[in-house]
Amino acid sequence: MKRPELGAIAGAVLVTLFFLATADSSMFTLAGVMNFMTPAAQLGILAIGAAMLMIGGEFDLSIGSMVAFAGLFFGVCSVTWGLPLIIAIPMTLVFAGMVGAINGVIVIRSGLPSFIVTLAFLFILRGLSLVGLKLATGGSTQLRGVRDAVEGDWLAPFFSGDAFQGLFASLASSGLIDSFKNGSPKVPGIPVEILWFLVIAALATYVLLRTPAGNWIFAAGGDSNAASNSGVPVARVKISLFVLTACCAALVAIITVMDAGSTDARRGFQKEFEAIIAAVIGGCLLTGGYGSAIGAFFGAIIFGMVVIGLTYTNFDQDWFQVFLGGMLLIAVLFNNAIRKRVTGER
Amino acid sequence: MSNDSTFHHGDAPKTAPIIQMNGIEKHFGNIIALAGVSFDVRPGECHCLLGDNGAGKSTFIKTMSGVHKPTKGTITFEGKPLSFDSPRDAMEAGIATVFQDLAMIPLMSVTRNFFMGREPTRGRGLLKRFDTQRANEITIEEMRKMGINLRGPDQAVGTLSGGERQTVAIARAVFFGAKVLILDEPTSALGVRQTSNVLATIDRVRKQGIGVVFISHNVRHALAVGDRFTVLNRGKTLGTAKRGEITPSELQDLMAGGQELAQLGGSLGGTV
Amino acid sequence: TDIIVVAHGQANDPFWSVVKNGVEKAAEHTGANVDYRSPETFDMVAMSQLIDAAVNQEPDGLVVSIPDADALGPSIERAVAAGIPVISINSGSDVSKQLGALLHVGQDEFDAGKAAGEKLASMGGTKGICVNQEVGNVSLDLRCEGFAEGFGGSSSVLPTSNDPAEVESKVRAALDADEEIDTVMALGASTAGEPSVAAVKAIGRDIHVGTFDMSAGFLQSIVDGDAAFALDQQQFLQGYLAVNFLALHAEYGLMPGGNVASGPNLITAEKAAQVVELSAQGIR
Amino acid sequence: MSNDSTFHHGDAPKTAPIIQMNGIEKHFGNIIALAGVSFDVRPGECHCLLGDNGAGKSTFIKTMSGVHKPTKGTITFEGKPLSFDSPRDAMEAGIATVFQDLAMIPLMSVTRNFFMGREPTRGRGLLKRFDTQRANEITIEEMRKMGINLRGPDQAVGTLSGGERQTVAIARAVFFGAKVLILDEPTSALGVRQTSNVLATIDRVRKQGIGVVFISHNVRHALAVGDRFTVLNRGKTLGTAKRGEITPSELQDLMAGGQELAQLGGSLGGTV
Amino acid sequence: MKRPELGAIAGAVLVTLFFLATADSSMFTLAGVMNFMTPAAQLGILAIGAAMLMIGGEFDLSIGSMVAFAGLFFGVCSVTWGLPLIIAIPMTLVFAGMVGAINGVIVIRSGLPSFIVTLAFLFILRGLSLVGLKLATGGSTQLRGVRDAVEGDWLAPFFSGDAFQGLFASLASSGLIDSFKNGSPKVPGIPVEILWFLVIAALATYVLLRTPAGNWIFAAGGDSNAASNSGVPVARVKISLFVLTACCAALVAIITVMDAGSTDARRGFQKEFEAIIAAVIGGCLLTGGYGSAIGAFFGAIIFGMVVIGLTYTNFDQDWFQVFLGGMLLIAVLFNNAIRKRVTGER
């Protein structure tokens, strides 16, 4: 009962063992690990937001579209309007947060399930991204030039590229990590999204377990009626969670847009789904009130590892989806069995 | 029923009421749950709210604690007209409630439930955090006072027995009860020892000048601690009696809505 | 004049948004009232219903793409029976006549794939992967099949999603796992092509990357020498010409005598620089 | 407490027990809820199961009604060893239970809850269908017998008051009770009138030869209808007493687990 | 409380009024109505299955993939193996039902949320469809020739094409309904899926409201613990519902494959989503225990009307998703308001 993430950790170990046995050895070199951790981290940032919202008893299906929409907004800020990052990034986050708040307010006011409200926003935001992109570019569905626009901005290294490049270069030159023939390290540094992922997972865990707000989130998701009767400001908590989730999506948008240098209308497609999967693998209950950020952290890693890892194996890639589904099933079954074992019967 | 109860301390105090409800009505769609109820609580008294099943007691105290907005009627709190927008408002004004359904989250630990909405913190600024250790200590201690020895403060409430759960809700309300303490059938699932603890607690709390609203179906419990008795019937007040003005069997007849009881007379000595 | 375009690609698909731009340009030039419609996903059942809906509105001309002649045939025949002039675009050149369409503007997906495969084989490729961002979309699958045939050497399909980070990681993983891969064929320029180039760059091997369709970013990579070529089918023409033909047909009864091949058109380093700007505007 | 209760009819019957539980243990993870409890019910008797909060009463009757599988111990039903795989099995064997949490679906109507799992049908073959009309009539009638006049049989259970809800559960169990009727604190939320109805019902049912297991924290209720009294404490049996062998205050002491009660002696006449 | 479908009916009226005001008049001709009712019916058959499962407290996210998978199976049966429909159709239904039962058994046995289990099957079935198609066709992802294979089978008219063709032809020749210039009626008949849709909606309503099984479904979804304690065979009920849902998907697969004459690996993509949307618009609660088949019926009609209806209006396709989302939101908000109004506060 007490440790939702236990199963996810066990699942991660299981998946690792599976790939150690079946995948090409390059998967677990430093470069290989960075390679599958990058998409896992991008998904994970979304998944932690989604997990907190799920613990609070709600869903947000619009986060995938939000990635596209916030990406567009950020792209317009920096390319079209030429704003520096110190303005563009907060503006994007505030803007995304506002959309999240609208989601939240509609859910709370109407009493409708968040599933259906945010589903409407899934379509609306996706559609607006397309319209906005065409307006911004004069007809194309891709907005380019972000990399040039943010070049040299002092904030850029925090949101794109690789961190600790100096360290890695010196490690490579001293032969501690692999390097290319020309002497540059195979892994130039740690992609910033991985660092963000770690920081956000730690923060979310702290908030959930060590602050009054965390208690309110669990309470609001466990039984919003009982929570409100006990004095928890349920509406405020839930709206804040919607804002937080939207901001997570916006952060992912900023990072990926700066990394790719461009954004298009299909960014973040179905990420809402993957984020929920990762959260559920991580032990969150769909009914709310139970789960953990650490669980979502490992859930995202499992998902990322399976998606990318299968490419390292010799399986016919036509079977990709079959394996993905099968491994998901095995991971959650295993995860569930372990949790029941460790924490006693429910 | 003897009148020399340990809990009785003369007439109800004559001070001004803390909270006064006037002509409260509450409709759910076309169901009329309350059809004009007036009620008040004074500091240091225990005011019992009695009535048959479905009389509207729970609905009434929910309007008092901010859960429902009354369809009609006025609430005066400490002399000022007031309307609570949420239970949190009522709580902040100093009203603590034990709801009939307890308002507990089964998946959460006892401590987290105990402090839900009013967590003690440590540190400040960004480092302000839930002081789990102190919370655990308080929880264990308050539960012990009520006669329950917990296995651990992190046991999920969902795995507690019915009575243990109810005790958590009562201990919580007593701990936070500032001016008014509302108890909706608090002893219904309790064992004899826990019941006597709760009744003793009501008495203790009342002596500190807190006004207590006590709902019960047990005439004996009500008479043991009550200073005044208001009886509801089908959403209307049947009347209020002071302690001593009414005999147990009169009270019991009132609570049953004046209808005949099944052939029980002899066996239960007049009070079920 | 009212003209309706029903295509199998969504308005937010970078490839089809160019077709749509062509449609709009033609509407502007001819003064016709044109609607572009497509199902929400690659869904032939839904597309046949959209054609039915279009026929019910009795337009003066209908433009359709035909990725599945079995599924769409009855609806197209119904349009023809209703006396609506039909032009097919993009896919379906083989069945277009048979279903009663006046002509076809486009390029056969299989042939295009074959051309790309041959080109990459001629550049010395022996082992290739075909990066498919939408497995099960028949027109994309045909491109892969064509590629496999034209390429001759060993080739396999790498299924991915639309997410650039995932595509990049997967291409990297595939390249890491098999040192012999020397060719990457992407089925869409911005969704699959650009991340493939990034992956190849990060891994530091000498690998040829080609793509179907174009995006400004990918063209820039061609200019910079990071990618080999883009296979352009000038889909702007497919939208523009089809609408134009039907508008002229409605006004004057004119119609060209045969199919129009809008591609394939290989964009290599020499030509790439000229089209970057047009691509950024959604025209190429 | 007088011994001339209307409900008392001499010693417990000497017939063979319908159901006999031997050395039942139940562990939840590392929590031991039952540590070896033996118990039996004979036809026509009311066997009271008493004990403090958390003693394990609910857990025990759940093993009896097929909800939990005992970790250890044997169940003998009508002389044959048996183990129930599901509550449905137990029900089909003739055991009807009112659970402490009532096992009601709040969103469903009273009638649908009443007949849940055992719907009356009309017609046959493919046309066999839920006989709503008859079900409604029975529900209204059975509830009326318990002293509750429903607004309508299609009111959702979630909108009933606590006591009304409990009455539905009891009426349902009584209606279907074939051989054994288990009642887990059935009167906890009931008004005086409803309580006396339930006690009278237990008496009536018992006279029909059904064995009743009655859990209560109210010593007076237990003494009013009980033939035998078994006291649980911390998952163990403290012992079984026959009616007349034990005085109310002895029983109350046992139920409190032998611990001191808060200063209540005078006011409640020895029985809370 | 008592009538979950009320709001959906009101929503359908609202949407109809909207299109009467904005759409081309041909939308509400006979041909136009048949045109939007056809996708609505296909979706509706899925939605009714999904609604019953949701009322029973579970989800099935694999129905979209099941449409592809069952379509493949059916295609192989009739094209590759040349079986007559009287054998091919029952085989397909039994086969789909078995997969549904596997879903159900895993959910019940493991206690995992059905969301995650059926999600795994979403991938597995989609992947198997791809692999199976390639095997069956020797490399293509499209299986063709179904129309020829079933031509002349006496069962075919029940599962494909239009019913009452004779009636419509005579109506057309007598000028009562519109006809094309060549004299054939614009509407050759009522598409069979619409008839199936009506029959299934009626049956499902009967089962839910008038049979013990219906009571068990509501109970199992309302609180499976309480239901099981009251003697409802919860496991059996839930597994049957999974089977039923899978069979609904298989029926849709059979109808669409016979109509289209072909099947491909992307059939039914995201239909699980749309089915759940339709059920929720129709008043089903995501938490189970509440909803109706009639509601899902109108929910599917609303959804179908919006999707097809927008093409009868002059909106730019770029705005399609924005409108779709907006109309969904307005429909459910309206629906919710009406229901609250009519049934009193919750």
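Should a chain be cited, it is by its letter among A, B, C, D and E, assigned in written order, with residues numbered from 1 in that chain.
The criterion applied here is as follows: a contact is a pair of C-beta atoms (placed from the backbone, for glycine too) under 8 Å apart; a residue touches a chain by one contact, two chains touch by 3 or more.
These are the chains along with the protein names UniProt gives them: A, E = Xylose transport system permease protein XylH; B, D = Sugar ABC transporter ATP-binding protein.
Quick caveat: nothing in here was measured; it's all calculated off a predicted structure.
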item	value
Joint neighbours of chain E and chain B, given as chain labels	A, D
Most distant chain from chain A, judged by the mean position of its C-alpha atoms	D
Top chain pair, ranked by number of contacting C-beta pairs	B-D
Maximum centroid distance from chain B, chain identifier (CA atoms)	C
Mean-CA-position distance for chain C and chain B (Å)	72
Separation of mean Cα positions, chain C and chain A [Å, integer]	31
Centre distance in Å when chain A and chain D are each reduced to the mean of their C-alpha atoms	51
Residues within chain E bordering two or more other chains	126, 130, 285, 318, 320-321
Touching two or more other chains - residue numbers and ranges from chain C	11, 135
In chain B, residues with contacts to at least two other chains	28, 31, 101, 159
Interface residues, chain D side, partner chain B - complex	1-2, 4-8, 28, 31, 51-55, 58, 100-101, 147-148, 151, 159-164, 167, 185, 188-197, 199-200, 217-221, 224, 252, 255-257, 259, 261-269, 272
Of chain E, residues touching chain D in the complex	1-2, 206, 210-212, 214-216, 218-219, 222-223, 225-233, 285, 289-290
Residue numbers on chain C that touch chain A, as the complex places them	11-14, 17, 21, 135, 156-159, 161-166, 168-170, 172-174, 176-178, 190-191, 194-195, 198, 204, 215-217, 279-283
In the complex, chain A residues that touch chain E	106, 110-113, 115-117, 119-128, 130-131, 134, 276-277, 280-281, 285-287, 318-326, 328-329, 332-333, 336, 346
Chain C-facing residues of chain A, complex	23-24, 26-27, 31-32, 35-36, 38-39, 42, 126, 129-130, 134, 137-142, 144, 180, 182, 186, 256, 259-262, 264-271, 307-309, 311-313, 316-318, 320-321
